[in-house]
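You will see two complexes here that share chain A, one where it goes with chain B and one where it goes with chain C.
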Partner chain A sequence: MHSNGFFLQDVAGFLGGYYSCIAIMNGIAALILWRKKGQLGWAMVWTALAIAMMVLASLALSASPGMVPALPASVRSLVNRLSGPMLYTLGTFALLTVLFVFRSFFVKPMVAWGILNAMLVLMGLSMADENFAAIVMKPDNVPIVGLVFLLAFFTWLATKQAVVNDDRIARGLPTVEKENDEKVLVWPDLVYTELICMVAVMAFLLVWAIFLPAPLEEPASSVKTPNPSKAPWYFLGLQEMLVYFDPWYAGVVLPSLVVFGLMAMPYLDFNKNGNGYYSIEERKFSYLTYQFGFFVLWITLIILGTFLRGPNWNFFGPFEYWTPYKVEVLNNVDLPQMFWVNLLDQPLPKAPAGASGLVQAGYVLLREAPGLLVMGAYLLLLPPLLAVTIFRGFFAKLGFVRYMVMANLMLLMLTLPIKMILRWTLNLKYIISIPEISLNF
Partner chain B sequence: MADKKKMSVAEILAAARSSDGKGGAASVAPTPAAEPEAAQPAAEETAEKATAGKLKPAAGGARPSVADIMAMARAKKEAGEAPAAKPAAKPATAPAAKSAAAKPTAKPIAAAGAAKTGVQRDTASILAAARAGAKPGPMSKADAPSRPAPKPREAKPVEEKAAPSRTVATLPSKPLKPAKKGEDAEDRRGFLQIALGSAMAVGFSALAVTGGLFSLGLARFLFPNVLAEPPSKFKVGFKDAFPSGKVETKYVPQYGVWVVNGDFQGLQQIYALKTVCTHLGCTPSWLEAEQKFKCPCHGSGFYKDGVNFEGPAPRPLERYSIRVADDGQLEIDKSKTFQEELGQWADPDSYVTV
Partner chain C sequence: MAIGETIRNSQIWKSIFRHPMPLDRRNRIVVMLTNFFLHLHPVSIKKQGIALSFTWCMGGVTFFLFLVETVTGVLLMFYYRPTLEWAYNDILALRDVTSLGILRELHRWGAHAMVITTWLHMYRVFLTGSYKPPREFNWVIGVILLLLTLLLSFTGYLLPWDQLAIWAITVGSNMARATPFLGYEGPGQQLLTVGGIDMITDASDARFGLLGARFVGEETLNRFYVLHCIAIPLAVALLLAIHFWRVRKDGGISGPL
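Our next item is the complex of A and B:
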């Protein structure tokens, strides 16, 4: 905490404009609802919110420490204390699950509008915290803030259409897409729209680049790594994956599997439904698998890497000061160590000095036997086991080859969350650890 | 169609094609008596379009589509040429009988002739003529059952006369290839083959040689004459410059090495650690307060002796070769590294006993 008056004066102007924008937004929403018939109640709610936002804006513009609306210090320290990679990842997973299960409630426009307002206000209140603002308002990180809101919006939009369609299908009606034939001519309708979008995006990017210039840092040096050293934002998910795996796996195999898996999707998908219209009910498996991979294993990791990973790649709460001296106990142990030393209470099998290469390899295999057995069972035994249990229908429809491809893709995808959880709970470093040949898993 | 607000693209195309197709089909009809009839469908087409153009806005009240506007414009123009054309026009009188070109004598090139003479001027109708009889336009599978197939308007009495002649419009058959004239053609081709083949051979051989030389030249760049690298051997001072427990970081910017006086497995040694993280190659920083090397990229941590203990780093930091030079100074040689997991730290070159 390094709060001082200067920070508040800097941020006060921004917050004043920010709250005013929310007020105007809600005012417009209220006006639109008021003109419609039968929405008077909601119009009143949003008007009241707009007025409250105007009050917050004027408070923020006062720029005096007691007046700028902020989260209470106790709440902030509680959030800092509670947050950790485990709670973050499992929490976002739980949140997304809740959003999915109760999607028919959350897609209602008024509910979604309320959530948007809550997100914006929470962000404004947090912005009065110096440490939070320092991270969020960094030019590098502004796009990620945009990403959070944009993804929320587009997911909401698609889910809403899917929910409407599911409801219509359940009642035996044709889907919205089939009823409103939205086909238009490529020329001029589509081409003109694209042209206008292109010009607008270009103008926006120019303005952005002028007002939030890219940060220039010191010249690069091979022996000096910035602390924290972060990949471009779209690779922060990969960087987070690298915390749990060896580079060859998290940096080469898993990304290739992502690309390969996406390419394999059309060949593995036997479900003919959902072609040309939004639907969740008709393609639940595909939908959930994709959203899990995209949201939980990619987007939340990008957000984690951007906002919550500080110096030395330590985890920092959203309101925590990024000190490079934070001490975090991360003593990790390999599975062979756990098995031989901790469980059987004997030293790791080690080839006697001067043994031939073959003998050494034998000892290495003996040392890594537990890990090799676990991985072998995971990748070789689980697919057939799943084929006769929960994936019985899939196996019948896909056939042997396609089923094995699908099952292995799924299992390899799941190695990431499994390994993350094992790291957090058991401090497990590697299941198979053969540093002699740089093979660690 | 009037009950719909707007015609879809597929419907517009289908409608246009079915009417155009009729015209085209009729005009290429190969019957000897086709002369009056061939003229008639053209007139009928214009008339039909004119009525359609007039009726549609009134019926639907919707904005006419691009295709409608174009059809109206075309219909007006043609109606100017053929004032006699009426919805229930009787055959034969239309001056649009330029399609007299579609005489039996012109049979093989009827389609092309008709197109040239102005009965069918646009590409769409020519294409339609070629396609007539095929399925009416692109339509997605999902659309097919829900949408009524565009009807060929056979209900009109005028059409019934045209109907018999509305047979499948086939493309004129291709002219037959001239028959081979024995060995003659073979010889000529053979000559070309030899001439071209040898030229090709020369060309590709030249290309291969050039490519080979170019690759060799490129490979030469991998072994430059002068290497602008610091020498792999350098001296860092006398032993007493490194008191026990000290991690010397001042050689990091220039040489990328920590010189440490610490104990490894109970032995007090001076060793040189390479400043490259064994996980992904970032440069860790020495944290004096925590007595550890910590990597800023993925959080790997190493003890003072270089052994990994936290984060994802799979193996200890590597050592450089170190020795006491003849003048008593410590000399580090970066050309040789020692890895703990391979048991190389026992090598006396990897440390200097204090």
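Our next item is the complex of A and C:
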């Protein structure tokens, strides 16, 4: 904690406005529910919450320590102590899985509204922490906070419609989209919506531009390397992959595969259902694949890379001070080392001095045999094996070429989570390591 | 209303607008067919297809943000010179001296917002299965547009020429030197030799092509400036035109078949 003593005064005004906004939001919700029949109970709940938020707002505006609502120091240090790349990634994955499995519960408007409030209050309480605020309030990081809330909102909106449609399909009814197939004139119905959208976006952008100045740091200097050095935020998921893979794979091959895979998607998804309406049940495989790639392998890695990776790309808890002196033990081992030295208790195969190039290559292949065999089996044996077992139906529908493309894209996508797990559990560094041709995997 | 009537009946007004006011059904149809800016739209449309809960309006917002970026970008080009001598100072002046310095904020936040709305648009198109036949190819164009949006943002990130800018670009472009075969630290580049001379060095590899130099310097600034202001926007504009045209030709706004 490196407090300058003025931190609370700096955030007090913001937090006061922030809690007031939550109060107003809940007040409006209560008003709407009060005017509907049979929702009086919920109207009372949100009114009570609005009043509580007004209390929090006035406490926050006091700007004095002990008064500004914040998470207890013990909770914050517990969160810091517990968090790490493994818990963060697996925890997010588990959370998303729970949200998905019990989606018909979580999409209920009152439940979703409660979750939104919980997220906002947690955010507000965290903002009273100096270390948390320092990272989140960085001008270029603000969009990511927005992205998180926008994604939560739109995922809720889509899932709600999908749940309704899936239920209707199960009962043999047409989807909501199919039912309302009335046509309207583009003028005025669409052009006015577009106009209102444009005005709203412009107004939003102006407010953002007025209140948040664009960042401008010291003039560029090629001799003063900042620590940490980070790519723009939308590439931080890729930068985070560098923890697990070398740049040729994390920075070149995987991104190219992402682009290629996205382009190939419409040609690999042979399922004719779910075209033009929200549905999950009718296209579970493609839905889960996309959500896994988008949320687990892209968005959560961006958040990890932005908010939780500090100097020397070390992991820091959300309320931890980014000290450049944090030391992390690096005891990662390559697979050949594990196999030859640790398992068979003999030195790594090495060509005798003065051997010809061919002999040397042979020894390299021998040394890397375990990794090459594992990867060969993974990429060459698994696709046909899957084709006759769990992907039998896919293989029949897709044909040989399209099936192989699909299976290989899936397997290559899974290399990332598999490597993560191997790193966390076995401290595995490289499966194949041939520095002779700069090939480490 | 008399003045309004006179104006609308004048020769000048009629020469500009090829249609009467869209007040009745007939003229609301005519206006869509005869106005250049509106003719991208169909005349009538499925009501649920334009429901905000269905489309989220994210594609439209992305296009609008592209227009905002174009206008603010052109205005910023009047102030900004992409040279080591001036780049940082011009941005500093935009912040402290120039009266319309907020243009830079609009441009930067608009760019961040555009990346996000592109993702959200793509997310919606996926969730409604709108990439399925007959819209497969338009999805492919969309993926290219996504890539170009990220590249637009990436090339623009360098232009303020502060510490944030050059180190973000350094970190990002360092990836290129690990390109298999074509980067001087990439796997397999040792194999590309002619008569024992390395073909791939730090002055001939993929990163050199991107930066125009061995490190992020004035050549890079110039290169990224041209890419950011001319090359990529032109490519985006062309692909956007095809993207919109294909929306119409591939069955209009998405909906159940």
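The working rule: the second predicted complex is superposed on the first by the 409 of 441 C-alpha atoms of A that agree within 3 Å, B and C clash if a C-alpha of one lies under 4 Å from a C-alpha of the other, contacts with A are read in each partner's own complex, and residues count from 1 in each chain.
Assume contacts are C-beta pairs under 8 Å (C-beta built on N, C-alpha and C of every residue); 3 or more make two chains touch, one makes a residue touch a chain.
Every value quoted in this text rests on a predicted model; they were computed, and no experiment measured them.
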{"item": "Comparison of chain B and chain C by chain A residues contacted", "value": "C"}
{"item": "Touching partner for A:345 - first (chain B), second (chain C), both, neither", "value": "neither"}
{"item": "Touched partner set for A:274, first chain B, second chain C, both or neither", "value": "second"}
{"item": "Contacts of A:221 with chain B and chain C, given as first, second, both or neither", "value": "both"}
{"item": "Partner chain(s) touched by A:433 [first = chain B, second = chain C, both, neither]", "value": "first"}
{"item": "Touching partner for A:239 - first (chain B), second (chain C), both, neither", "value": "both"}
{"item": "Chain B versus chain C as contact partner of A:210, first or second or both or neither", "value": "second"}
{"item": "Partner chain in contact with A:314 - chain B first, chain C second, else both or neither", "value": "first"}
{"item": "Chain B versus chain C as contact partner of A:178, first or second or both or neither", "value": "both"}
{"item": "Which of chain B and chain C A:191 touches, first, second, both or neither", "value": "second"}
{"item": "Doubly contacted residues of chain A, that is, touched by chain B and again by chain C", "value": "174, 178, 181, 183-185, 221-222, 224-226, 229, 239, 246-247, 251, 275-276, 436, 438, 440"}
{"item": "List of chain A residues in touch with chain C within their complex", "value": "140, 143, 146-147, 150-151, 154, 157-158, 161-162, 174-178, 180-191, 193-194, 197-198, 201-202, 205-206, 208-210, 212-222, 224-226, 229-232, 234-235, 238-239, 246-248, 250-253, 259, 262-263, 265-267, 269, 271-279, 283, 287, 290, 294, 434, 436-440"}
{"item": "Interfacial residue positions of chain A with respect to chain B in the complex", "value": "174, 178, 181, 183-185, 221-229, 239, 242-247, 251, 275-276, 311-314, 324-325, 327, 329-332, 429-430, 433, 435-436, 438, 440"}
{"item": "Chain B - residues contacting chain A, complex", "value": "8-10, 66, 140, 142-143, 146, 252-253, 256, 275, 279-280, 282-285, 287, 289-290, 294-299, 301, 309-312, 314-315, 341-342"}
{"item": "Chain C residues touching chain A - in the complex, by the definition given at the top", "value": "22, 25, 28-29, 31-32, 38, 41-48, 50, 52-54, 56-57, 60-61, 64-65, 68, 88, 91-92, 95, 102, 104-106, 108-110, 112-113, 115-116, 119-120, 123-124, 126-133, 135-136, 139-140, 143-144, 146-147, 150, 153-154, 157, 160-168, 170-172, 174-180, 183, 185-191, 215-217, 254-257"}
